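For reference, the structure discussed in these notes is given below.
Chain lettering (A, B and C) follows the sequence in which the chains are written, and residue indices restart at 1 in each chain.
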Amino acid sequence: MRHFTNVHDLGDLKAAVKEALEVKSNRFAYKHLGQDKTLMMIFFNSSLRTRLSTQKAAMNLGMNVIVLDVNQGAWKLETERGVVMDGDKPEHLLEAIPVMGCYCDVIGVRSFARFESKSDDYEEKILNQFIRYSGRPVFSMEAATRHPLQSFADLITIEEHKKTEHPKVVLTWAPHPKALPQAVPNSFAEWINQTDYEFVITHPEGYELAPQFVGNAHVEYDQRRAFEGADFIYAKNWAAYADPHYGQVISTDRAWTVDSEKMALTNNAFFMHCLPVRRNMIVSDDVIESPQSLVIPEAANREISAQVVLKRILESL
Amino acid sequence: MRHFTNVHDLGDLKAAVKEALEVKSNRFAYKHLGQDKTLMMIFFNSSLRTRLSTQKAAMNLGMNVIVLDVNQGAWKLETERGVVMDGDKPEHLLEAIPVMGCYCDVIGVRSFARFESKSDDYEEKILNQFIRYSGRPVFSMEAATRHPLQSFADLITIEEHKKTEHPKVVLTWAPHPKALPQAVPNSFAEWINQTDYEFVITHPEGYELAPQFVGNAHVEYDQRRAFEGADFIYAKNWAAYADPHYGQVISTDRAWTVDSEKMALTNNAFFMHCLPVRRNMIVSDDVIESPQSLVIPEAANREISAQVVLKRILESL
Amino acid sequence: MRHFTNVHDLGDLKAAVKEALEVKSNRFAYKHLGQDKTLMMIFFNSSLRTRLSTQKAAMNLGMNVIVLDVNQGAWKLETERGVVMDGDKPEHLLEAIPVMGCYCDVIGVRSFARFESKSDDYEEKILNQFIRYSGRPVFSMEAATRHPLQSFADLITIEEHKKTEHPKVVLTWAPHPKALPQAVPNSFAEWINQTDYEFVITHPEGYELAPQFVGNAHVEYDQRRAFEGADFIYAKNWAAYADPHYGQVISTDRAWTVDSEKMALTNNAFFMHCLPVRRNMIVSDDVIESPQSLVIPEAANREISAQVVLKRILESL
């Protein structure tokens, strides 16, 4: 595997989960793979879990790690050719990206949707320029439209906890005060669509995800009906995708908050969320603190998903 | 030793100092202990000496180190249950702390007194939540009420330089333009009270430390009398502890600055300060630059105190 | 070699380039040298290439690395003795520097010209205080008047690409909207003056560099005439050195931008720049993207120049 930006890069998912569980049982078995190899983690946006778990995964593999925080406002990269650079952007990405590639063996990039241009976001302009110009294997640490390390960790977590072969998995929108990217729900849908689970997406009207991510999922606008018989409830907020409201908050209806009354409709479902989570907006205190809450094991599996991805990239160098 | 937050966690101090001197003479003798172990250093407040010395100590022990700077204002953690998190705090500590624990083996935390609530500060609300929820050994890199890595380094420094078995050690308040926590003087007093030194604390009226830290020390309001015959002068500013002035500057009297005239009253005492120090407020240029000044050896011993603490935690894993 | 601040510290340049090419062909051959050694990189100014390439070089040598970003405005160091430190500067450099030296084996410092005082800048006040007070080998990661790691990388790059024994090398000023230090052109001139190349410096009147750096170079105010027959064009902006305009922008004349029409005057010259570069101010898109552009190989050689410097310092410990 050279680059890792979506579910298809990983190939057979059952084999990937099997490899993840092997790595999890012996994290230091592949320390020789990363010897004299350097990972550069480039953050255009802030990060807690991804920063820590990916760094840990790389160290498990014996890699050196360099972390570069590109302050969101401060380091402005010019992206257009032909511009006279006499303004506030001191460097062009056509130089910055190959230079960063000079000093490492593998590059991780975090670059969120900016909600300024739907086409810029959905064409993954920044991530693709790293792939094109860095000369190095590149993996997504959450890009504009997908968060594949999160989705892989989610899949591992479901596989570890499922009680039936084909569990019912429900992705539910929940309210939030700010406009959040669609990367996590897009990516979750993309991954679950590659499994043989029963998959339902529920959200208020107007919050439809892009069709290429919805795929074969059943979309249900009645959250309670969606929850009936569910084995896993995956909650997440996202801003609207459909025009003319792209990137906007069009509802903060707290009737969509996941609470114990709604969880009672499920098949004693596990609760999942990628974190950070706003309590009593997305989910009630009692649900997130219940024995069925998987938010911490899910976060712990971020180390494992990152390690499998790095391991496969190192093996292909 | 699992956690390290105060003098009592270290057990017999003579044994601890002996171990420190052994570590100091051969810093890399325990490199195997930290193999495949990760230290996470979490800073809620800025740091120079603690950041550098603890990182060095961990590397001496062969550990991997991840440093997380929690920008003081930016990353606001909700601490109360039941709150609807629709404001400026995007994550609850009940998720953040166990997640941080997922990706490491040992956690160091710096979290100063905020002077907003005396009980929150003196109950060590933040530090104790890390101990309770992280699932990992936790050590203080200066908490609200104590700075035990500093005090341990101070003790090592005194033991290295003392010329009599039971030296007279004087902790003196000195002026400073801003309100500083009591962590360093509290902790110094807590440690010196565990030795067989003669211990005097001197400060203007109104600057009394909490009784549980003063312990059996002799409190002397006349600084000159306190200095008579002293072997070690330990200078530090702190804000008032006693109500109704908790956390306030109630004097900036430069008559309390440590200068060579006052040092002449001592038994050719060594001068100590934890740094950073404001010259000519806390201490005059000539005293801090004199051969009797121990401020640099004291700072150098921060690496040693941190290494003993990490070594003992690693040994107990 | 103990300290590295200018070309003379490196001794014989032909031997240094030879060593660089050996290191480049086998970067991990000296990993034992850095075992249990710690590099501290101290940045008073921001950095991309220097930060990444020096860290990579140190890791190639097996060193531990601690990076300390001294926020430009936030961490104010008092530099004068005798001051009553009751203002906004919480620490004196006379304490800060030896403390930083306590926790490492080698120190790298970046501290740009501030353009507040020509004598402070040209006396290298900050860098020299690190040399004097840290107790450690110190190397420049760009100081007020020189950027020797860049110049060494430039020299390696020229040696790798030159087609004649004594190439004609032209350092040309080019326009830029902001006032930039003279460190890069000063240092480039200092290094090229130590070679047997033909060396020409071209710039508008008023942009004369300090005579000690110009040395034996031929200064030509007509940029086109300077370019005739050149083998290497090294472009860079700098602010005026000569009084009364020290540190000021006295021209942004885009007639000095390097473009393909001017490059046609040369002997099919290579184009060089230290980066970051403002396109269509310093150089046109087509020149920097042409096969003759060496900006990326030049940046890649920053890892090599840093590794030779660190290797020599480690060998002398």
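In this text, a contact is a pair of C-beta atoms (placed from the backbone, for glycine too) under 8 Å apart; a residue touches a chain by one contact, two chains touch by 3 or more.
Chain labels with UniProt names: A, B, C = N-succinylornithine carbamoyltransferase.
Source: prediction; values computed, not measured.
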item: Rotation angle (°) superposing Cα atoms of chain A on chain C, nearest 5; value: 120
item: Chain B against chain A, contact positions shared by both copies (same if over half, else different); value: different
item: Centre distance in Å when chain A and chain B are each reduced to the mean of their C-alpha atoms; value: 40
item: Numbers and ranges of chain B residues touching at least 2 other chains; value: none
item: Chain A-facing residues of chain B, complex; value: 36, 38, 40, 64, 66, 68, 78, 81-87, 90-92, 94-96, 98-100, 102-104
item: Touch list for chain A against partner chain B, complex; value: 27-28, 31, 48-49, 51-53, 55-56, 59-60, 177, 252, 275-281, 285, 288-289, 295-296, 299-300, 302-303
